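You will see chain A twice below: alongside chain B first, and alongside chain C after that.
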Partner chain A sequence: MFLIFALITLLGALSVAFQKNLVVAGLCMVITFFGVAGLYLLLANPVAAALQIIVYSGAIVVLLLFVIMLLSAHEEEDAQSVHSVQRWGSVAAALALAAGVVKVVLSSGFLRGAASGPAPANMNLERVGTALFAEHLVAFEAVGLLLLAAMIGAVTLVKKDL
Partner chain B sequence: MSMSAGELSAILPLLIPALGACLLPLAALDKDQETVKWVRGAMFFMALFCLAGGFFYVTRLWATGAQPSYGALHMDRIGQYAGIFVMVAAALAVLQLWDHLHQEGWVKGETLSLLLFSVVGMILFASAGNLILLFLGLELLSVPLYALTATVRLRARAFEGGMKYFLTGAVAASCFLMGSVLLYGVTSSLDLAVIGRALGAPRPDPLALAGAALVLMGFLFKISAVPFHQWTPDVYEAAPHPISGFMSVATKGVAVLAFMRVLGAGVPAPGSLRIQSALAVVAMATLILGNLAALAQTNIKRMLAYSSISHAGYILLGLVAGTPAAYSGVLFYLLAYLAMNMGAFGILTALGLVGDRTTFDQVKGLGWKRPDLAIAVTLCMLSLAGIPPLAGFYGKYMIFKELILQGHVSMAVVGVLASLVSVYYYLRLPVALFLEKPSEKAEREAAERPAIKAPLAGAALLVCGVLVVAMGLFPGTVYKVFALRVVENAFHFVR
Partner chain C sequence: MELLARILHISPQTFWMIAKVIIVFAGPLTLAAILTWVERRGSAMIQDRIGPNRALLFGRWRLLGLPQLAADGIKFFMKEDLVAEEANNTLFWLAPLMAFVPAMMGFAVIPFGRDFTEAGRTYSLSLLDPGNGMGMLYPMAIGAVAVYGILTASWSSNNKWSILGGMRASAQMVSYEIGMSLAVIAIFMTTGGYDPHQIVAAQAKTWNVFPHIFGFLVFFTCMFAETNRLPFDFAEGESEIVAGFHTEYGSMKFALLQLSEYVHMVTAAALIVTLYFGGWQIPGMAHPPVLLSIGAFVVKWVFFCWVFIWIRWTIPRFRFDQLMFLGWKVMLPLSMGNLLVHAYFMHRWG
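The block that comes next holds the complex of A and B.
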């Protein structure tokens, strides 16, 4: 089961990166998010899975697709000149980074301990609620301010007759 | 749910500017041509009023010595210092914005609102005690700045700069977020103190170290230290002058303060050694590259951008030394830096150099027309270069002294050499202002343009000049009242 969901997630993410058509790339993102939601389900965490599907696959991707369609820039433009040195350099850097990440993950004692240790407590809606509105109330309000600031910023930049 | 008085007083320094930021866009709705002048005045007054209110509230907290907190929001001495620091910088920026935006012909209330949002984010960033608030503060301070960079959208370069800042900033923010996720995963705590202890353990987990490195990257990006500095000159050049000044001073200062809180939250000997050596390398690279690149600039704003990179190097040197005295030296340096850099960017507005007319050629001979402003900016420049009786000298002196006492003599030598090099490019502005003659073409053009009136920006510049001299004449008082108290009251290793 894990392999199936992990493959769905990975393939979705790869096709987002390599797809030239932006709308199709957006749809591939939905697949990725569904894969992640499946992983949450495997961890016996249905609340997180439901939130993942509602918030990410539902709201955020729809928003993204709307923006892409409104901008009507469906196809990625070709780069003016292809720097092969840059391309191979970036591939090499990515490979080195990947090797480093694999080494860190393998050498981490924490992950080995987590695999054999007790399962973490389940997330339920009540705990999400208390976490949001009691423990992290300041953070919740700060997110509100952040969204408002982002909105005002966007309006300032694009409104025709400001 | 009820709120205690302490909790309220912890959050009020954030609420006051936030209220102003939410109300200002409403005032900007008015489009009536006859009243627009009054509405503009009212908006700028409101922004200043909110900043002044916040400033007086925080200074009162400072005077009583109270250190309230609300959940993970710690309005302790570091938070209060950040509040005072940011609100003074923002007030100076608002004064300059009034003149600059009128010169550009783009007076919009939303600009002020975004500035206030950024102020809220900065204070939150510096007073955050857990990773979530830290990240939200970082975003709340950056997102308005991205928009502010591109705010005068009549200029094509403004959009380019804003986009560059946004893209690089988004990458840095996502690195920071990934790092916090790793730290939270390994330590299963969001609290900075707990994470600091986990990192300070004899053999910290490699995943936690990777997380710490990513978080460090986020901080260094905001401080604009060398491997993460490329955005700085382009963005400062594209942004309106007062906003460039505000970014260079407040963003850097607050990032340093938040970073000091993270460093001071824990990290005893073994873990901190790694971070210190990483910081030392970054600081050296920043000093050398920032100073050398500044030598080659013909544009005043780009020169100041590289100079702000090199000042990030001096500040990081103070963090490398890592003693309480070095920390308070850094805090003093930040105050000096506030006055001298706001002044340095302020001359551009005060002389009415709009848009891209910010090269050294443009200011030739202008010093004789406004000698008061030119003398003030000369003082700021000398202070940036670290000439003795001025504020900048004492900041550098405190940092270098601690470095030598800690045995990092070679780094102190590089620092001194770097500031010697910097004298050359800082003196180019006074030389251009006073000693060089403008070309005939420039004189003809200047005669055709209407006379420049920038009373508020000029006043802000004069205030900066006075502050630079005052902090140079009474460094001990400023040091005791501000810098030393933060270190005494807010950091664990001194207690």
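The block that comes next holds the complex of A and C.
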């Protein structure tokens, strides 16, 4: 099961990167998000899976595709000049990121605990709510404030006469 | 149950699972097919016409025009399958499936009858058993994904009217989703749970529609926007953009797109019944027999399907800016107010 969802996620992500057509790339992104939602389900967290689909697949990528369709160019354009520095730099950055992620995952104590400990209980909405509003209240409010600021910023950027 | 399972040499759980899959697949699909007929006859009734009544079964039985359904099916299968020249072929083929599959998935959490116990086992009448952790989030997630069928269909046809229809549909669905979710959250709050079985059980005394009348109005309106039905069918808008997202579609692909709209309508009606009209509960009866509870659900369900058709042939289409105004400046504040008032009452009087 894990392999199926991991493959869906990886293949989706790869085709987002290599697909020349922007709309098809956007749809591949949806497939990737479904794969991630499946992985959340396997981690006994159906709430995160549902929210992943509602927020990312249902709202964010729809808006993304909406913007892409508004633009006239649906095909990726070829670069005017090839910068090999950029290319190798991006490969190096990606490798460094991947190495960092693998190191963090391998060094986490959870990996050792999960194999021996009992299977965690299913996450539900009540537990998400108490975690958000009891343990992480300040962070939650800060994120809300940040999003509000971003929203107002977007409006002021777009509106010529307020 | 036990006997049937023993005849088929499978365990009762497996038997019940298979039976439920068949019910959940066949039930909404059959109702959706019948609704295509009801829509035509109902619209004729409302507009003082006769409606389809020419199709005869074996050239003899008229049956109020019901054989029209079979005639439609045969006709759609026999039609030539046309694909527009500049269309994106793969996506053009995939789009009807992307519309149809989420439409069929949405019904899986809805409890369509009271749980019953037989030989020490409890059988629940919904495809996903209670306590699955997804609860009402599941139909919302599926509903959110449904827009991709329309978007893909509209973009892959490579037709400016199609793209206009698809963009209208996506803008509309995303903006109405927020008001809808807030209305549903108010129900989660007063119920103290988000599992549809809990929500139905909490409505034993009073249906949610009475305390949540504003929430119901918002949810009901948003369901029209989500299913792309008139007065909000901007994805099609015949008088403005030909047939919107399915302008280029013909034959069975068109039929699938059309059928998925009806299945959405069926699911939306079932959601309204579950959230606001007590699901399978019967007023004044604490523990109705299982069959009676299924009957009660079906009666309410069919009634709301009819309301969808009734409204389509009564109210004219909105203008697009009116739709956006209604969504952001009426529905969203209304559902937020609903949420705050319920939160205040719960805080004050428990």
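Of note:
Here is the rule we use: the second predicted complex is superposed on the first by the 118 of 162 C-alpha atoms of A that agree within 3 Å, B and C clash if a C-alpha of one lies under 4 Å from a C-alpha of the other, contacts with A are read in each partner's own complex, and residues count from 1 in each chain.
Here is the rule we use: a residue touches a chain if its C-beta (ideal position, glycine included) is under 8 Å from a C-beta of that chain, and two chains touch if they have at least 3 such contacts.
What you see is a predicted model; the values in this text were computed from it and never measured.
By the touch criterion defined above, A:108 lies against chain B but remains apart from chain C after alignment on the C-alpha atoms of chain A.
In the superposition on chain A, A:24 makes contact with chain C only, not with chain B. Looking at the shared chain after the overlay, A:143 reaches chain B, while chain C stays out of its contact range. In the overlay built on the shared chain, the residue A:157 is in contact with chain B alone; chain C does not reach it. Once the two complexes are laid over each other on the shared chain, residue contacts for A:59 go to chain C alone; chain B is not touched. Of the two partner chains placed around the shared chain by superposition, neither chain B nor chain C is touched by A:13. Judged by the touch definition given at the top, the superposed model places A:131 against neither chain B nor chain C. Residue overlap on chain A between the chain B contacts of one complex and the chain C contacts of the other is empty.
On chain A, the positions that touch chain B within their shared complex are 101, 104-105, 107-111, 135-139, 142-143, 145-146, 148-150, 152-157, 162. In the complex of the two chains, the chain C residues touching chain A come out as 88, 91, 131-135, 137-138, 140-145, 147-148, 151-152, 155, 163, 166-167, 170-171, 173-174, 177, 181, 188, 193-194.
Here chain A touches chain C in the complex through residues 21, 23-24, 27, 30, 45-47, 49-51, 53-54, 57-59, 62-63, 65-66, 69-70, 122-126, going by the rule given at the top. The touching residues of chain B, counted against chain A in their complex, run 11, 18, 21-22, 25, 70-73, 108, 110-111, 113-114, 117-118, 120-121, 124, 132-133, 136-137, 139-140, 143-144, 146-148, 150-151, 153, 159, 162, 185-186, 205-208, 210.
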